[in-house]
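Consider the two complexes below, in which subunit A is the common component and subunit B and subunit C are the respective partners.
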Partner chain A sequence: MKKKLLLISLMIMILALTLPAVTVLAAPPTQSGGQDYVIVADDWLSKLADKFLGDILSYPAITYYTNQKNAEDSSYAKIKNSDEIEVGWKVYIPSKEEADAYFKKQVSNVGAAGGIKIGALAPLSAPGSVTGGTAMKAAFEIALDEINAAGGVLGKPVQLVLVDTEGLPERGTAAMERLINQDKVVGVVGEYHSAVGLTAKEVAHANHMPTIFAETWNDKITSVEYPEVFRIAPVSSEVAGVDAHFIQSLGVKSVVIMTENTGYGIPAAEETTKRLADLGISATTFSADLGTQEFSSIIERIKAANPDLILVLLTGETSYNFEEQAAEAGIGPQDVKMICNQVADDSDSFWTNVPDGKNCFYRRVGLPRALYTDATKAFVAKYTEKTGKTSAESYAMEAYDSLKLMAQAINEAKSTDPDAIISALEHISYNGALGTITFPYGTHNPIPAGTDAKWWHQFPKPAITMVQYQEKGQSSADAAVVFPDAYKTADPILP
Partner chain B sequence: MEHAYYFWWALLWIIGWGAVGGIVTPRIYSKKDLDVSQAALAGTAIGAAGGPFALAPLWYLTPRLNWKWVVVPGVVILAIFAASFAAADPNNLCVTNGPFVATQVTNGLIVGIIYGLMALGLTLIFSIVGIVSFAHGEFYMIGGMAVYYFTVVWFPGMSPFWGILLAAALTFALGAAFELLFLRVMNTGKVERPDEYAILVTFGLSFFLQYFTLALVGANPKKVQRFLDFPAFGLPSANHPTVLKVTSSTVNLFNTISISSPRLTAALMSLVLLGLLLWFLQKTWLGKALRAVSQDRAAAVTGINPDTMNTLAFGIGTMLAGLAGAALVQVFSWVPWVGTLASARGFVIIVLGGMGSLPGAFIGGLIVGVVEALGAGCVPDPQRAAAYIPAYGMVILTLVLLLKPTGLFGREL
Partner chain C sequence: MRNGDHRPSYVIVILFALLSLLLVACGDVVDQVEATPTPRPAQTSQGAGSANGQAARSPTIIAIRPTDIPPPPPPTPTARSTRTPLPAGAATVAVPAITDVMVEIPAGTFSLGNDNSDPNEAPAQQMDLPAFKIDAYEVTNADFADFVQATGYQTYRERQGSQQNWRWAYKDGKDNHPVVFVTFDDAKAFCTWAGKRLPTEFEWEKAARGPKNFLYPWGNTYDATKFNGKDGGLRQTTSVGSYPANGYGVFDMAGNVKEWVDSPYLAYPGSSYKDPHYNASYRSIRGGGWFDGAKYVLSTNRNGGDPKITANDDIGFRCAK
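So, the complex of A and B:
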């Protein structure tokens, strides 16, 4: 019985593997021009596809073109389901060229009935940051409502296809392929984890799919200079620079970096160590897997290292576990200077999980409160109402902006053609929650010699500030900005 | 490591002579027509500890082997391991700093006790119902969530004691109901392949519970304030607490080992529960009936209904997981997927201790706790030390399975 099952599944797998090859090797076209055809008994679409187009798998093209014709001329049938056709229906059988065009997606994917599909990536289950992913999902929904309330894009409603990436690199590849091949989206936005962004960008590049990454910081996402890939999140190495200069301003000599074992955490720790070394500050890195709960052994080692400052690059609830356990062991933010993880910006959640988190510093991406634009205020109002949080996290703002940005680019391109969208993005000036987004360097303006390749298709100015919870239970909206001096609202409280 | 070669040579010695001892000793014993049941294990241990100097006399004299012939060389092996590590990395904190090691071991024991409670339920279900429950981690998660919702959201101010009791009742009821609805059918002969069925149905339950909870409560991590504020005092006196210093949040022993009070509360809770469970299984009629069914389902002839015992055992097992969660929701941030890693560790522990053995689950928990703590504390590279945490337990598990496939306290086959 088991053997039989194994054999059957093996055969199915072999079949599945050879199918794409079959479509390529199929017979040459037997018809040069498209034609009308009336269904007779015993017809089915794949049989017609085989007869006229030389390939039984071409039947979706018949469905597609017939429905297109039906929109203009009701004498053509409307095929709701390719498996159910009736005798007497008039269908349109496309030419081989038309069918090819359909399959190569040169024909716009804008159906008469369906809207324009935009894909979105976000981690919605563990081991990804579900906290980040659900925040991004809420932000996408706000952006989508606004876009459709304003008439959609190219006069058609926008449909958002949100795929869960689980924070896993291999899921990034699969999700991107699904969006491109199955959902036939015209552009992709979002994602939180760098590890996912790194693999997803390869699929985007291979399929020429315009993509705007929202919260993936790894330098390599833009430094490979793919024409399709844009980013509005800060670049990891620049963030490391801000961290290093802030640490220097506190007069610190030795630092412990507690990082996560991921595509974001390891390079970020390395970059920060390098930047700190340039400033004459020594750093030791400890790393742990995402999802680690128990930190007491590591905390004892950190205690023994006796650092002046602890920088937490763990994300999500893993960072809460570390910060609270450090406080319980006597090296919390009230005992040693501690830069907590940026997820502390969700203050309700932070104070529930890290009740001893007073005096935590954390890095905030996005405009300081004093510089909020009208767009930022409008978004924060909608977001806080929708989620019940006290303010909007940077990744929520980025998710919101990435989708609105894509919609504006398609409108400005006046087409869903990838090249037109990319060109529109390169010339765009968009006002959103993060401020005015532009992409100074790209094919239109190559990166000058001497400038780092990471600036390719990169939003150059996401504002980065250091803030501090100076009172227990403080809302993130009231947290004091302590760095850089340009945005400062209070002096840092030091232990 | 400055002189890493000391360590690697010692390891090579242990593995090499251990293998020689393990392979050759049983052959010599069987040639001399002696009892070979312990020969492989003891041979490996003696070879690894003493190399040719111990193996030669062993093979010549071939004494009767019992557990002492495993334990004594085992201690020697640990000593060789520790000495070579100290020689290889003389500046390591684990070598130079006694209090540091003491703290790590204490932390490991405390965490190990809590791991043990989690594994206890899993092993109880295995020994009585005869299935491996893949949904165990989810009951652990539900236990913690229930305490949070009862004491923080629904009835703010409710004593954690009642919260824990309610969580226990909830996880017991859920477990018993699941057993009645989905697992009882296994014993009726209506399911063609009961073993595979049990795996699939508990896997399904695990996914359902995890994502259903996610949908209900959302992804934001939750945590409960510590259950007990300890009264502040010191020994020998409050002003000079050289032996013991207790504050509301920590307990400090000899001014070196400090344990946070939520952890200590959780560990004490686990010990009490273990005691209660042992009392229940040994002294009460129901407990004896459970053990009878675990030995042979034919216990039915004495008037015990094995189906009822199954339901009871599954309920108690899930309740123990729920109680472990309830104890830990004040220590860790709680999210719907918190059980995934915990149940993976539970499997390691029960296989290590011997499937179905209650003391095995508890001792296994302690071993995993201490090994993880020492591994994360002593591995020289700080970048790798904590990242390898799941691997430390696996190394021990592999070794035990290689040498004693039934686990430390498993029933001999």
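So, the complex of A and C:
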């Protein structure tokens, strides 16, 4: 045995002297990037973010990188909701540098540093509506230029901190927490997706942060009656009413609703179904996750249902996927009456993605062109010049107005105190791209008995019209207004 | 040194050879064995040789007396020479072990569980256990290196090709840090090789709470200075035995690393609580780690994970018998 050990020692010496890279005293392998981690029962992502990245608010970076890994290696988890993780999931913890790079990509600061900071939310990457978010970003920039050209707020320049929400509910929470706790903004504006607004509003309320939502339709955004939360987009249930009456005007008896499985899509489908039932119209709902790319199995089931009309409550680019695939399967807007998603108002993007979209109906929020105010015309002129588009989408107008509205409220409040800003918003009369915005009901004027709570801090008059692309490749500026009769410019073309 | 050129200096090689000769003189040699871990030769009383002629390690058994008698002074690890892990498959030499110290926990009842914390810890109840022995210290990197060197064992992470494995965490000077990045199966293989087993969840809690059934190893009040946890700010593992032992003479039953135990992660007897994570195939994890705070280092706190694939930077283990 002793001889054996001596032999081993000699072998080690020889190996150490002769082999160039085989190491006895090898340093630990260098670690590039972050590390893998397997979830145990008492984990949650913010705890891991605190542990590995030193900041509980960094957990979206774990979600992002894990999902990136999942796209290439299914042994990594696919995290749909950062609040719902499972024991045994393998996640990727990014390095601090990777996390910083992620957040740098997510947040852009516009305007001079050192001024008063206003936060903004918008989806700038998938699965959110990039088309919608990009339009909103351009509109924010126009509003910011105007605000600062006019002297800023309270005599100081405004800096806008824009955070990409990706259309994900958990990002709504994280983005709002970041804006409040890290960037120290005095107010928050924007957002496109209701699912994001629903979570973001909770953080706004918990932190008493004045917030104006631009394009989030879910009734509960306002019906919870939070003192801090205002909205200038229409209420989903009211939109459902417009949809139902338009559908009735077409003589339709059966409808398929293709909705997204989100805090916007599901309640919107339920409300529309109820409104249609009241009018004697039957509806069947199919749902899919936001970001779904393949709809063939659902389309086969829709064909089997043989509806008179298809109502698309998918948002953003997900709606494009469905609409074009439906057209290729023979149930597109030239085959069956179809109300497409309002993102179709970006005509360049729509025709690129849905070349068979002729005859699509879609909702347009905001004043009909015949009623454009000077403020609307001025914004549209700047927006079309900046973007090269032929018209301004409703969500662009809403984004523009939300920021200008917040700036006016701070100036009228003569303070960045949240209570003063909230009071200023409750009493405001702002003339913008959407018309004259007011908030009739709030703490200053409680909602009367018998009036729905959804009207709390709600702009009551966002105009809603139904328009139709009647020519292939048509500009949204030229799309025909087909409903209601008061704004009608042409009769609908029906398949 | 160029990147990738890790050849030891001649001085180190000579020291290595001298160390080998010293080991020969002591008669402490280790054969290389097959990759499949097999039980290590049974260890007997102090200093006694084993049947195959190897000099057995010397486990110290500390008998715990009744609670009204002060416990004996806790065992102290002897110094171990600093070393770094050998690459898999390299020729090996033995280095004296130091942490093979066990504490005997006497038979009898203890208070299991907690009605005032997470619902998975309830109901608090009296539990009677036979006597058992438990490692005074968490299994260290050096301990695990002995095992790997003796058996050629590869951990789950190594088999997966992950750079982040126990060797990666075993940096210079970390001989006496607890081994991490090991799965339950890896831990079990080690204990089997050592002629031991993993403790059950009940055994672990009894050993952690000490003879006076404290909620923490040191008492019933949280004290961040008594363990390596989040509030201590170290943010990494530390040498085992760096903090005071509990009344049984067991170290690090709070913090440093969470520890695998050999019990399914299920509801306690008499509990109607349905933790969505309960799963008979999962194994419990106890004690909290270097980034856990007050609630998670309670001796009653329960955690669970997938025993096949969970190997993180804050999970280790100790053995029992």
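Going forward, the second predicted complex is superposed on the first by the 382 of 495 C-alpha atoms of A that agree within 3 Å, B and C clash if a C-alpha of one lies under 4 Å from a C-alpha of the other, contacts with A are read in each partner's own complex, and residues count from 1 in each chain.
Note that in this section a residue touches a chain if its C-beta (ideal position, glycine included) is under 8 Å from a C-beta of that chain, and two chains touch if they have at least 3 such contacts.
Just so it is clear, the model here is predicted, and its values are computed rather than measured.
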Is A:D36 touching anything from subunit B or subunit C once the two structures are fitted on A? First, second, both or neither. second
Touching partner for A:L279 - first (subunit B), second (subunit C), both, neither: neither
Contacts for A:S287 in the overlay, against subunit B (first) and subunit C (second): which applies, first, second, both or neither? first
Tell me which partner A:I298 touches in the superposition: subunit B (first), subunit C (second), both or neither. first
Look at A:A486 in the shared chain and tell me whether it touches subunit B only, subunit C only, both, or neither; answer first, second, both or neither. neither
Let me test your reading of the model: by the given contact rule, A:K51 touches which partner, first (subunit B), second (subunit C), both or neither? second
Tell me the contact category for A:V130 with respect to subunit B and subunit C: first, second, both or neither. first
Subunit C to subunit A touching residues, read off their complex: 4-8, 10, 12-13, 16-17, 20-21, 23-24, 29, 31, 53, 84-87, 90-93, 162-164, 167-171, 258, 265, 275, 277, 279, 282, 285, 291, 296, 301-306, 309-313, 315
Inside the complex, what are the residues of subunit A that reach subunit C? 1-2, 4-6, 8-13, 15-17, 19-29, 31, 35-42, 50-51, 86-88, 90
Seen from subunit B, its contact residues with subunit A in the complex are 93, 97, 100, 103-104, 107-108, 111, 211, 214, 218-223, 225, 249-250, 258, 260, 262-263, 332-333, 335, 337-338, 340-341, 372-377, 382-387, 389-390
Subunit A contacts subunit B in the complex at 125-127, 130-131, 133-134, 261, 284-289, 291-298, 300-301, 304, 316-317, 320-321, 324-325, 328-330, 346, 348-349, 352-353, 355
